[in-house]
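Paired with chain B in one complex and with chain C in the other, chain A is shared by the two complexes that follow.
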Partner chain A sequence: MSEPILEMTDVSKRYRTAGGFGRRRKGFLAVDGVSLHVERGEALGLVGESGSGKSTLARMANGLVVPTSGTVRTDGQDVAGLSRRGLRRLRRNVAMVFQDPLASLNPRQTVRQTLENVFRAHGETTSTAELVALLESVGLGADYLGRYPHEASGGQLQRVAVARALALKPDLIIADEPTSALDVSVRAQILNLLADLQRDQGISFLHVSHDLAVIRLYSDRVAVMQRGRIVETGPSDEIFRSPQHPCTRALVEATPEAELPA
Partner chain B sequence: MPDPVLQVEDLCVSFTSGGVTADVVRDLSVSLDGGRTLAVVGESGSGKTITGRAIMRLLPRGASARGRIVVAGREMLSADERELRRARGFDVAMVFQDSMSALSPYLDVGAHIAQAVRLHNPSVTRRAARARAVEMLDRVGIPEPADAVRRFPHEFSGGMRQRAMIAMALVNRPALLIADEPTTALDVTVQAQILALLRELQREYGMAMLLISHDFGVVGSAADDVLVLYAGRQAEYGSLRDIFDQPAHPYTAGLRAATPRLDARLHTGGERTRLRAIPGAPTSLRDAGPGCAFAPRCGLADQVGERCVVEAPLPTVRPTSEGGGLHLAACHLDRLPAPQEVAR
Partner chain C sequence: MIVYIARRMVTAVFMLLAIAFVTIALFFGASKDPARAMCGKPCPPETRAKVSAYMQTDQSAVWQYTEFVKGLFVGRTYGEGAQQVHCDAPCFGYSFPNRSDVTTLIAERLPVTLSLALGAAVLCLVVGIGLGALSAIRKGGIVDRFSTGFAMFGLSVPTFLVGLLVVQVFGFMLNALPYSGFVSFSESPTDWAWHLIGPWMVLSFILAAGYIRVTRTQLLNELSADHLVAMTARGASTRQVNRHAVRGVMVPVAAMFALDVTALLGGSVIAERVFSLHGLGDLLLSAVNEADLSIVVGVTLFSAFLIIVGNLIADLLMPLLDPRIRRA
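On to the complex of A and B.
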């Protein structure tokens, strides 16, 4: 079996908090000794309540957040030892899609500029034909190249964000609540798009969400986080059929179903 | 039979900017009895929030409402400022999604509630109003209310702030509560608690509740009746059962199919299960032509033909399940085909 695309071993992150006069700075332990891996071609869902540390954990996977301790290996390479250039190479391979596309895209750049900048940042040039093909792969037409973010809807912008993530053909995409800011009818489009990328291009996913039903449908495996730790992990079907940890059980039970009460 | 607590007739809300007037809500009629919950479901541009605000007469500058809104016997659209002050908080109160911006950072939680008490009953002393606030905080499940009453909004967690806002809204026992996405910013476990609290208080006070939400999960666990809005117009209205079991509007059926469910099977025949997405993005009334606003996204429009493009459908009566009340849908199709026939 080949090496996992992402392997985190005993990773912790302590954020510094403001200390007061005479008070010791204790810091806040956002992630507490977590080990987790994502296999090649796999979609791992990371669920938990707000403040459970799931976003911090996800950001440590591509070096956006530096762990206080522990090791992160992507594609077999230790992230901690990387130079600036090394990090840049890492981020070709590990792309990210954020929750709010309007906040994660530059409002003063057209879609063309946004996409071209990805190539430029990595010392590559690109052609209009390539950009058009990229947009088509996320279901957008060539006419989007000239548009600014405010000229597109939330769902279209999230497609642009996915296109930007796909630009350098990454092996792993970290998606942090990629559909939470979208309308219900559009959310399904984006989720289906991500699932297609996994199936057709073999891209691995670390999918962070607070929405259990979304994770249920679009992850092969699930890890449940609570107060900085992973409390339960297993195949998606099993976790939701018979949740073992009280935290998982509470989440499953509290999730309202679009169903009539029995 | 007693009069409904809320009666909306032919409500139109329009915005004027730069000399141009555009409707954002058109021809909305609905009524709601005491003790019942009506969920207003829709996406961006559907007009659900504006409808809630029109009922409170809290429309933003440049917006105006026509038609008729009656809350607990009071005509809201023709009411003057004095009457409105009387109505707001007393006949109808509101709970918002973002509790941090709905509460004043300069006032402690008790002051918010006490103010609401004294505004409507000037004879109540400060001390008595404060005592009422403690009582109310206790009622909404805030631990150590006598202490919590002196705390400021930022000292509360999101769930606790939401409870405090509910206490403030309900302290005068309004006949109608408008809850605009009350749990959207909360974790699921806290969401379940807040929904349970709202249900409990509703039963206790016998009030009517207008629950504005985009989430069919929340709707399913809280509503008696459902109003589905699309681009400022009524798409479908019916009992929860009818809306879930026999939706008559393609948009309602589409929204349900696009909502991921926890009990969904992950794989069917080796393929991962996919949600049935609705193509395109939600529009607003401003961008809609003369026909049905949903037609460009509707997989069934070609079954009807040109009529969908040239003529906006009016709500017509649809079959109901046993014991179901009124069921209306605004669609030119008399009957939706079974889900498997709608394959794209």
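On to the complex of A and C.
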């Protein structure tokens, strides 16, 4: 079996907190000795309540957050050992989709400029045909190229954000709560889109969410986080059927009974 | 675009006419009599009436206004015979105390005020944006602490106090800078700058404070903005990201600068007083004291014109900086 696309070993992240008079700066341990891996072509769901450290953990995969200790190997490279240029090259291959599409797209740039920026960042040029094909792969028409973010809906914008991630064909996409800012009605569409990309293009996913129902349907495996630690991992169905840890049980119970449209 | 500019220009003309009317009406509401100031110390009522008729200040405000507007197109003639004075076609009025038409007076004083305002504008933009950007980049650092305090001080201290302090410290105590006088640029550029350093410092000290604040907050917002994190996450270099951040900062700075044209003109009135520079502000102040209506109206209109043009330029610049405005 080939090397995992992402492998984290015993990583921790301590954030500095503001000190006060006579108070010791203890810091806040957001991630506490976590190990996890994502196989090539796999979708790993990372669930946990808010503040459990899942976003911090996800952002260590592409070097946006530097771990206090432990090693992160992404795409066969030790992220800590990468130069600036090396990091940029890594990010060509590891893309990210953020929670709020309206915030994560530059309000002063058209969709075309946003997409072109990805190519430009890596010294590549692109053609209109290529950009149109990119938009079509996320289910948007060519007319979106000339639009500004405020001229499209949340679901459409998140598709643009996915298109930005897909430009230059990445191997791993980190999706940080990609649907929690969206209306329920378009959530399923975006999730289906991501699932199709995993299946058809063999892209690996690290899918962060607080919603176990979402994770269950679109991830092969699930890791449950609580207070900076992973408390339970396993195949999605198994976790859902027989949750072992109390935290997982609470998340499962919080999930509505009705099935999401697949 | 051209239609837009044309429409703005037409609006501006009407606005200026309205401003002229308000100025004249306000002036006539005041109790000062222009003829009184002109006719000298022993001033018998007959002489005073004669002077008043000669200067045409015996007429009503409405009459003054229509004469003023007419004068803009066909010129204006005061008095008769040997005492007759004529003011050519775009006539903004005639100043009897100065024995000159207002247009000439403004043109004479303009280089001083322009030197003062332009230099101060450049200085406050450079200092304001520079310090603001540096403090945003190293938030909580020494530069940040210094410039935040500096901005607080600048916003709360009145211009004349800063002016007097600069004159006192640099002019008298250190003897480092001239504390009055003006040398024209064509005469000697170095002397020109040398004489203006003090006034520039005073004017830009107050104005830079605003730019420090706006640049700092706006850049901090931009640098932590999701869309720039997203750019970084997709592999953009720091330089590419910074370029986008700077664009986001330029819009509010440009908007603020348009409003500050007013502050520059207003501040220069005080700075001119403190440094005994004979610019437009000084002209206006003495005209108010001498009840010289023509100059008051002329300078007010000219300042209003500059402000309107400044705002127009800012409005035209805005869509270039932020394409969203272009669509709206």
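As a convention for this text, the second predicted complex is superposed on the first by the 256 of 262 C-alpha atoms of A that agree within 3 Å, B and C clash if a C-alpha of one lies under 4 Å from a C-alpha of the other, contacts with A are read in each partner's own complex, and residues count from 1 in each chain.
Assume a residue touches a chain if its C-beta (ideal position, glycine included) is under 8 Å from a C-beta of that chain, and two chains touch if they have at least 3 such contacts.
In this text the structure is predicted, and so the values were computed from the model without any measurement.
**Q** Look at where chain B and chain C land on chain A after superposing the complexes, then choose clash or fit.
**A** fit
**Q** Which partner chains sit in contact with A:D237 here, chain B, chain C, both or neither? Use first/second/both/neither.
**A** It touches chain B, and chain C stays clear.
**Q** Counting only touches as set out at the top, which of chain B and chain C does A:A129 meet: first, second, both, neither?
**A** A:A129: touches no partner chain.
**Q** Check whether chain B or chain C contacts more residues of chain A in the superposed model.
**A** Larger number of chain A residues touched: B.
**Q** Can you pull out the angle centred on chain A between the C-alpha centres of chain B and chain C, to the nearest 10°?
**A** Vertex chain A, arms to chain B and chain C: 80 degrees.
**Q** In the superposed arrangement, which partner chain does A:L212 touch: chain B (first), chain C (second), both, or neither?
**A** first
**Q** Quick one: is A:A103 in contact with chain B, with chain C, with both, or with neither? Answer first, second, both or neither.
**A** second
**Q** Just the number, please: smallest Cα separation between chain B and chain C in the overlaid arrangement, in Å.
**A** 14
**Q** Once the two structures are superposed, pull the chain A residues common to the chain B and chain C interfaces.
**A** none
**Q** Can you check the complex and tell me which residues of chain B touch chain A?
**A** Going through chain B, the ones touching chain A are 43-44, 187-189, 191-192, 195, 214-221, 240-241, 244-245, 254-256, 258-264, 266, 272-279, 281-282, 297.
**Q** Would you tell me which residues of chain C are touching chain A in their complex?
**A** 225-238, 240, 244, 247-248, 322-324, 327
**Q** In their shared complex, at which residues does chain A touch chain C?
**A** Residues in contact with chain C: 62, 64, 84, 88-92, 95-96, 98, 100, 103-110, 117-118, 120-122, 148, 150-151, 161, 164-165, 167.
**Q** Would you pull the chain A residues touching chain B in the complex into a rising list?
**A** Against chain B, chain A makes touches at 49-50, 153-156, 183-189, 191-192, 195, 199, 210-214, 216-218, 236-237, 240, 250-261.
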